[in-house]
Amino acid sequence: MGRATERWAYLGPEGTFTEQAARALAAAAAVDLDPVGTVSVALDDVRSGRADAACAAMESSVEGAVPVTQDELTHGAPLRITAETYVPITFDLLARPGTSLASIRSVGAHPHGHAQIRPWLARSLPAAAAVMTASNAAAAAAVAAGDLDAAAAAPVAGARYGLDTLVADIGDVRDAVTRFVLLRRPGRPPAPTGNDRTSLVLSVGNHPGSLLAVLAEFASRGINLTRLESRPTRSKLGIYYFLVDADGHLADPAMADVVAALIRRQALLRWLGSYPRAAGLNDPTAEFATPTAYADAAAQVGRWQRGD
Amino acid sequence: MGRATERWAYLGPEGTFTEQAARALAAAAAVDLDPVGTVSVALDDVRSGRADAACAAMESSVEGAVPVTQDELTHGAPLRITAETYVPITFDLLARPGTSLASIRSVGAHPHGHAQIRPWLARSLPAAAAVMTASNAAAAAAVAAGDLDAAAAAPVAGARYGLDTLVADIGDVRDAVTRFVLLRRPGRPPAPTGNDRTSLVLSVGNHPGSLLAVLAEFASRGINLTRLESRPTRSKLGIYYFLVDADGHLADPAMADVVAALIRRQALLRWLGSYPRAAGLNDPTAEFATPTAYADAAAQVGRWQRGD
Amino acid sequence: MGRATERWAYLGPEGTFTEQAARALAAAAAVDLDPVGTVSVALDDVRSGRADAACAAMESSVEGAVPVTQDELTHGAPLRITAETYVPITFDLLARPGTSLASIRSVGAHPHGHAQIRPWLARSLPAAAAVMTASNAAAAAAVAAGDLDAAAAAPVAGARYGLDTLVADIGDVRDAVTRFVLLRRPGRPPAPTGNDRTSLVLSVGNHPGSLLAVLAEFASRGINLTRLESRPTRSKLGIYYFLVDADGHLADPAMADVVAALIRRQALLRWLGSYPRAAGLNDPTAEFATPTAYADAAAQVGRWQRGD
Amino acid sequence: MGRATERWAYLGPEGTFTEQAARALAAAAAVDLDPVGTVSVALDDVRSGRADAACAAMESSVEGAVPVTQDELTHGAPLRITAETYVPITFDLLARPGTSLASIRSVGAHPHGHAQIRPWLARSLPAAAAVMTASNAAAAAAVAAGDLDAAAAAPVAGARYGLDTLVADIGDVRDAVTRFVLLRRPGRPPAPTGNDRTSLVLSVGNHPGSLLAVLAEFASRGINLTRLESRPTRSKLGIYYFLVDADGHLADPAMADVVAALIRRQALLRWLGSYPRAAGLNDPTAEFATPTAYADAAAQVGRWQRGD
């Protein structure tokens, strides 16, 4: 008897970039993907056990951090990142089979999508009405239902709603990409692979030396930060959290050492998880931060303490 | 003959929070407010001289930095911040005069607005359809035109479109506030008031010590940072700019000193301006960073150099 | 049957400040004090097992570090400091019983002693010849032997050589004091008392950030340095070691942590020992550096690593 | 008519390493060298105008800092270093012409000199008495006067007192060298040569971050320290000054900048002078610390302040 099929929640509807990310994360595994109404619902499904995991957008090269994911990870009941993937963000003009470009009178998309396709629309379909929808995929669904002539949406939405791609890649930002993460209930992190990432939420006092002192803890242990995202508290401008991605795994002595130091300083709000890095390679570990360096130094101190 | 009336551009339509901010910034001055289609158009109007200034949202306590403003200030032709103001973000349910709550079948708002009123709608108007619009004010306009029953929008939109407030403050985030700035072509900054703010864009190399070294330049001169906002480049995840707000004015010796140090380190991408702080008070200047401390030290060094 | 009497070596002759220090360190214990010809001989006696311990001057408030002790501890076969004591340095004018001040024609002392009594001699015995001796105690011995009229030496030398104090405290430095240490072969350090000191030799690369990085390791763990003594290598100006005294005991987690970090950075040449502080009180341990803070943080990291 | 001959004071008697240093510093200039009884007298002669300059030992590769010079420069009426030179320290066995090695029964030297020749004496003249003198040159004078058989002293002492070198270089430290400085009354420093050194006395508070903050001021301006010498106050162990040698001249903008910063922080007790470096080459100036980098940054800040 095999392992039970997992259920993963994600922000629907079907045909979004998030679905595309979830499929990439699932890879060959048998996973039931369940579109839900909001990111918060997806995460609550994990917390309550209704889902095994949730796939959510973390940051976009165009829009920056995704506020709802950041805030849920910072303030909601704890979840852990166990995997990540990158999805290139491109917009296709989707329509029902047989539609000609010339016949299009209305184009639906989320306002953010419209912001990206406005130059193309102005050039190519200047007479078409721009119709706002709750998501790009919702626009594709409306096209399938006959309520709109065309939608600007992820390529996956065409397959999902039985639409054709009239024109591919009509957005005006080249190389846009979004990072998605897989979130699970707290548990043992994935085993280290040698090319891992650790995500943290730091809570830094608002006097000038505070952030400096916290960053120095990473630098003094040779730990590279690949991301430092400030995040205001939800209701007060001027007070910030920092979402940090750092090279390495909590199982690495240098990472365990810096995390312990942050705990002692009361600067660590959350450890969000350690997981394999999906793209790029960590810088080589500094000689003074390798597991061997840690083990040798600890052994030496122990010998001195005992008088061996 | 008086001073000519200025023309200020802002992201329309009329009835948005941005209009409210522009009115607050104009105060008693005679200013023609000109709603335009995008933030970028508003800023280009200033650059080209079609407008004297533009009012734009800079950061929200809920959504964080406003990407388009950040990117325009970082990458577009240079503009300078000369003033700032804070606008509380509240949503009113607006409808044509005489409309009863029970009769509302459709409620329009920008998807971000819908995100904030969803709990209220679910409780109070569970049967109403949520209609997406390009802005909350566009929803108010649609209500005025009879295309929608109600809109969730800024209080100012009611007055603007002849609508009544059926229910005030239906959003689910308390104390949400957005900071708006006034942008002008480069020129002499406003005179120091003693409670000023300086905004900068830093470009920091991606090895761990770089940000540390840059933050240390501020700390060693006793300069407090009230905001540190990482911002990815538009097309590459993992490389960041930092938008920084610091206490003080470029006319202050300590601020001039740190700005010069950042220039020497090639860490300063942009000086965005020095301008009166709209809320809160700067921390008192450290004794070693006062204008007197700077003048005394420079005088002493000069005497030693000359052998006086 | 009692514990065997220990033999301690010290720089003779009898009647020096070093003997005074050794007596203070021995306190009530039965110790045979053995004066030897040089500090190096005293330490070699410990290394070879001919002596159980050696008492040596470490630093003087007037002359600074004692080079031979510093160099032996840095470069010689390893020894450990297990105790310290402070001896006030005062010079008495010693002569054979019955000698009158007016009859004194020669005053012996080490050249350093002469440097300190020169003002008094010029005022009080302007006609007396200043005779140099290998130590102040050697001058006292010469007085006892009838070769000199008077000696400027430690009060203890009077008793030792049967001399009278003609005038007490004739040196021109008030409150001069020398710190002496007790040195033993490597072994288990004395148990922590809660008010301990740890001595280290650091080897710091000669680029500007090196010392900074090393000092930051102490500061980030809240460890106070009570002494930082640079010491050139024996034959090259411009390359330095640093002899450091720090508050705390190697058995304290924060001290063990910083010592391990220094080992990893290859910045620790020697751990010279942890031992009770003889004067003054350590600053209270910072909250983030207490044993409890260390234990709690390590426990939390362990739980996360295991997925508990 | 030429420039009047200067008078330089130095610690006598004639025939010391200090005389050798003074001759090197005088080079071709006509200088009257005046041996005086103590370093303090030499410096007071300069302060009072009785001498134009004084030559004094600053640090030795064997003994470290010279306390009396350090203390005079730190606490006495201000003097400035205007030149430096290095003298190799070697000991010759000097005797009256015609003396055979076998006939030597007494060898004079300062106790420090005896410490260095003890191994040679033990091997080569085990029966000779070690006689202490106030200086090595005083031993040479005593040999000339017939009071001693031989002296261990600087080679220059042989010529000075008409003695022959029986054996050259009998000390046991290879490559020992002492740095001497020329001290003058405060005035315009020597013009920068491009390879200069600046000497400072720092007064650093005794909490752990203080020294760190001060060293960071140098590091952040790319200024290399070639020497960092802690120095206790004269009467209190545990409180330190730091004598610092740094690459560069007070006329260099980066050095002027760090000196001003130290003044503002009240960490600069004394500027001891800027003068040509006698040996070795400064590291190349970091790109961000060149005069051009300073001038360009200051010009840019000025343009922004004025709104150009």
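For clarity, chains are labelled A, B, C and D in written order, and residue numbers in each chain start from 1.
The definition used in the following text is that a contact is a pair of C-beta atoms (placed from the backbone, for glycine too) under 8 Å apart; a residue touches a chain by one contact, two chains touch by 3 or more.
Worth saying up front: this structure is predicted, and the values here are computed from it rather than measured.
The chains touching chain C as well as chain D do not exist; no chain touches both. The distance from the centre of chain B to the centre of chain C, with each centre set as the mean of the Cα atoms, comes to 62 Å.
With each centre defined as the average position of its C-alpha atoms, the distance from chain A to chain C rounds to 59 Å.
Counting partners per residue, chain D has 216 as the residues that reach two or more other chains. According to the touch criterion at the top of this document, the contacting chain pairs are A-B, A-C, B-D, C-D. On chain A, the positions that touch chain C within their shared complex are 186-189, 213, 216-217, 220, 250-251, 256, 259-261, 263-266, 271, 288-289, 293-294, 296-298, 300-301, 304-307. Residues 38, 59, 61-65, 67-68, 86, 110-111, 114-115, 118, 130, 132-135, 173-177, 179, 206-209, 211-212, 215-216, 218-219, 222-238, 240, 280 of chain D touch chain C in their complex.
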